[in-house]
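Next up: the structures, one after another.
Each of the two complexes below includes chain A, the first together with chain B, the second together with chain C.
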Partner chain A sequence: MSLTVSLPSVLSRLADGSRSLSASGTTVGEAVADVTRRFPSLTTRLVDENGQPYPFVTFYLNDEDIRFNGGFTASVRDGDELTIVSAVAGG
Partner chain B sequence: MTATLAAPVPRSRVAPTLDRDELLRYGRHLLLPEVAIDGQRKLKSARVLVVGAGGLGSPAALYLAAAGVGTIGLVDFDIVEVTNLQRQLLHGTRDVGRSKLDSARDRLHDANPHVKLELHATRLTAANALTIIREYDIVLDGTDNFATRYLVNDACVLLGKPNVYGSIFRFDGQVSIFATEDGPCYRCIYPEPPPPGLVPSCAEGGVLGVLPGLVGTAQATEAIKLILGIGTPLTGRLLLVNALDAEFRSVRVRRDPACPACGTRELQTLIDYDQFCATSGGDGAGLDAVPQIEPRELAIRRASGEAIQLIDVREPHEWEIGRIDGATLIPLHRLRERLRELDASAPTAVYCKGGTRSALATRDLLDAGFRRVWNVSGGILRWSREVDSDIPEY
Partner chain C sequence: MTASLLAPAGERATDQRPLFSARPLVCENCGARFGAEPSAICLTCLGPLVPEYDPTRSLPSYGEIATRPKSLWRYREWLPFDGTPTLSPDSGFTPLVEAPELARRIGVGRLWIKNDAVSHPTLSFKDRVVSTAINAAHAFGLGVVGCASTGNLANAVAAHAARAGLDAWIFIPFDLEPAKVLATSIFAPKLVRVRGTYDDVNRLCAQVADSFGWGLVNVNLRAYYGEGSKTMAFEIIEQLGWRAPSAVVAPMAGGALVTKLHRGFNEFASAGLFDGKIPRLYGGQAAGCSPIVRLVERGSGRIEPQIPSTIARSLAIGNPADGLTAARGIAETGGWAAAVSDADLIAGIRLLAETTGIFAETAGGVTLAAAVQLANSGQLGPDDEVVLCITGNGLKTLDPLVNVIPEAPIIPPKLSAVSALADSNSTPS
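Then we have the complex of A and B:
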């Protein structure tokens, strides 16, 4: 499956400046692994040492928080959009 | 579509009348059937607290004042610096070196002398937040650090005050409304802050000067809609502003039943937010200044026969999902009243889902005189990954 991954600007610098990436996988976790394989410096910003999401980085699959839909095991379909939002505190 | 939120301004508060000057000043509002005289009187009777007179607070407070919000409270303790002027429109070059509140008072009074300003020249802390926020109908979060954001969130949840949230970094902004009766709160989206240093502040990472204009204005818009009871509020949605690509979109956010603030409501008092934010780790350890024990070490010591008292401080519905054999369920908010059931002289390990609640519990037990207490690092999730994969992750 191929999906689009949107990164916040705080993380795009770690993906060669790209805010929108293509990724493949059958689950959100596989898609994230595909992204971190290609951009290894994103790894510690997207997943913890156990490969799980941090509590301060939220993954939205087609605008729904994956925590309520299986987390990284949530299955994805062709054309899905994964939006990654990181906590920021500036004001 | 009409807003479904309860009106934040108490109905018992008598809406003031408008004098001739005000009728003229607000003429463009009065032409809108959705506002009209009744709405303008609601605005005049409203009390909105703006936390932070900086990038977000500037446009928000200016528009709230211009719109005729009757009482605006401002919380800030900073001095105007020249580096603020790229985005903080409440302050001008001649204000550099003045207190932000003095500068804001002058600017807002000029924008609308009918508005009553209440200046709180202090850092918002766990000691004063409830007292200050209690006096307002709506809070607008324009702070610049995680500790104060969690503080504002928790205080608003405890007091039942809508929290119109905005935050910015570089070219991105976020806006939502938290702590409404049925909606999510900040902790539902971000259960724990990033470890210190992982997410730079605007001072470290920069911010496009106009971005707080976009986001703070969106916050003011939401606050005004709440007061008037019109439109569709941002409750349950997180507006994402991408200034670089000119994209505005929203994602759905939900109340997390396990949220300690608005879900389980185990968080019944404000905590030490500096400590909470200084010690939260990427593994979700939270308050990791307390003694920790690795799941594998705990498993080995129990297997070797060491009598370790094991306490699960999660909620019963989480307990039903899975538990560590031999544990006793005592939800965090019940811990203090059930201390008598525990042996303070026995070595004790405490766990929750990810390690944050159990860190609080560990601290409480230490405070209560327990001598040998450990927080199970990473909670039952890490236990599931490293010791017993039969326990489901959730």
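Then we have the complex of A and C:
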């Protein structure tokens, strides 16, 4: 499956300045792994030491928080959009 | 010739170069330091930034604070600016009202209401945080401010921006209470209703702040914005005669208020402005949106987001950014948290009104009902001196009370009709 990954500016500097990347995988976790394989500096800012989503970012698959659909195990389909946003906002 | 009332204004407050500057920032998570800037995220670890204060700065005495104007700026040494901010000079210093009958009903020793329902100018505690955020925007030369809001913040950003002559972009869930929408629109901001929950609005605003050069007060100005909430703690200490209550109960949405109350009490204790213990902090949420309460109950771990379902719209944040720090503050002070039903929060609004003459919005009903629940479970008791933080005005959330409060009778203009009513009500003469 091929999907688009959008990064906030604070993370794009770790991806050669790209705000939008293509990635592949059958789950969000696999897509994130594909991104971090190409941009290893992103690893510790997307994945924590237990392999879970890094707590200071929130992942949205097609506008829905992935925590409502199994986190990194959430399934993806061709053409999906994965948006990564800083968790430090609002209130 | 008569000038139109709607003619363009002359020089705006923000056209003048500010004579003050914002404090530099430090990451709460990793300690990395940054200059003053409209950013709330650590470039190193993505953790939250907070203002860094000079520990050697000169601090005022009780007496010196007492001579200052009665606004939140009387505590300016604990607010994130060097020099004297010029915008929004008169918010804060709301009444602290003792409520003996309510104390008796709840079963605590003494009880006070910190009444931000009468906050200037928009009748909620959000006037505090917008006062600091809008001065940060001015210090950074930003011409546009904005926010993601459940309603009260929308009111406050729109009003404070109007007074300062700043453009405002305000994003709210599409189905907010009509009073909160109108009370924002009246200030003529760019008001945008987003088809989604507050959490959807918040995500959008994180992207907006990242893409436009605007100062979104609870996104990229968040480090400065949050500091305004500390002033509620400062005022409680001063208004009690420079002493602390034993417990404080506050509503929780994003968790920032409890987090900053904790910080504020600690800062005044460190400054020697009161003796004794930091108050136990208690948080209330509606049962239909209670991710922080659940984290407090679990005792550890992360926030588990929820999809809100409650009439307490101002607290309907399912993914609270400060939930973890709020839960830590509650745990560190020996407090607890309570989730209350919508029926109980309505009862709480009525109990507050009938015993104190204060009309709170739904969040205030949550605070009241949480206090009742906490007293019933033994968390609060007869030895306690308790402050309840009422953060918004009931006139903003009338809808849930329709069909709950009995309708007034309609009578002909005849004395006999009043006599009949008086007889039926057995009203004492």
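To be clear about the criterion, the second predicted complex is superposed on the first by the 87 of 91 C-alpha atoms of A that agree within 3 Å, B and C clash if a C-alpha of one lies under 4 Å from a C-alpha of the other, contacts with A are read in each partner's own complex, and residues count from 1 in each chain.
Simple rule for what comes next: a residue touches a chain if its C-beta (ideal position, glycine included) is under 8 Å from a C-beta of that chain, and two chains touch if they have at least 3 such contacts.
Owing to the predicted nature of the structure, the values given are computational and were not obtained by experimental measurement.
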> Mind checking chain B and chain C on superposed chain A, clash or fit?
Replying inline: clash
> Who does A:71 touch here: chain B (first), chain C (second), both, or neither?
Replying inline: first
> What is the contact status of A:9 with respect to chain B (first) and chain C (second): first, second, both, or neither?
Replying inline: both
>> Comparing chain B against chain C, which has contacts with more of the residues in chain A?
In response: B
> With the two structures laid over each other on chain A, which partner does A:50 touch: chain B (first), chain C (second), both, or neither?
Replying inline: first
> Does the superposition put A:91 against chain B (first), chain C (second), both, or neither?
Replying inline: both
> Where along chain C is the clash with chain B: 60-68, 96-104 or 168-176?
Replying inline: 168-176
>> From the superposed pair, tell me which chain A residues show up as contacts to chain B and also as contacts to chain C.
In response: 8-10, 45, 54-56, 58, 60, 63, 65, 67-68, 83, 85-91
>> Please output the residues of chain A touching chain C within their complex, sorted ascending.
In response: 8-11, 45, 54-58, 60, 63, 65, 67-68, 83, 85-91
> Which residues of chain B touch chain A in their complex?
Replying inline: 52, 54-57, 141-146, 149, 166-172, 174, 189-194, 198-202, 205, 207, 212, 238, 240, 242, 244-245, 249-254, 256, 282-284, 354, 378, 381-382, 385, 393
> Mind pulling up the chain C residues that touch chain A in the complex?
Replying inline: 29, 40-41, 43, 45-48, 148, 196, 198-200, 202-203, 205-207, 209-210, 218-219, 222, 253-256, 302, 304-305, 307, 317, 319-322
> Hey, which residues of chain A end up touching chain B in the complex?
Replying inline: 8-10, 19, 44-45, 48-50, 52, 54-56, 58, 60, 63-65, 67-68, 71, 83, 85-91
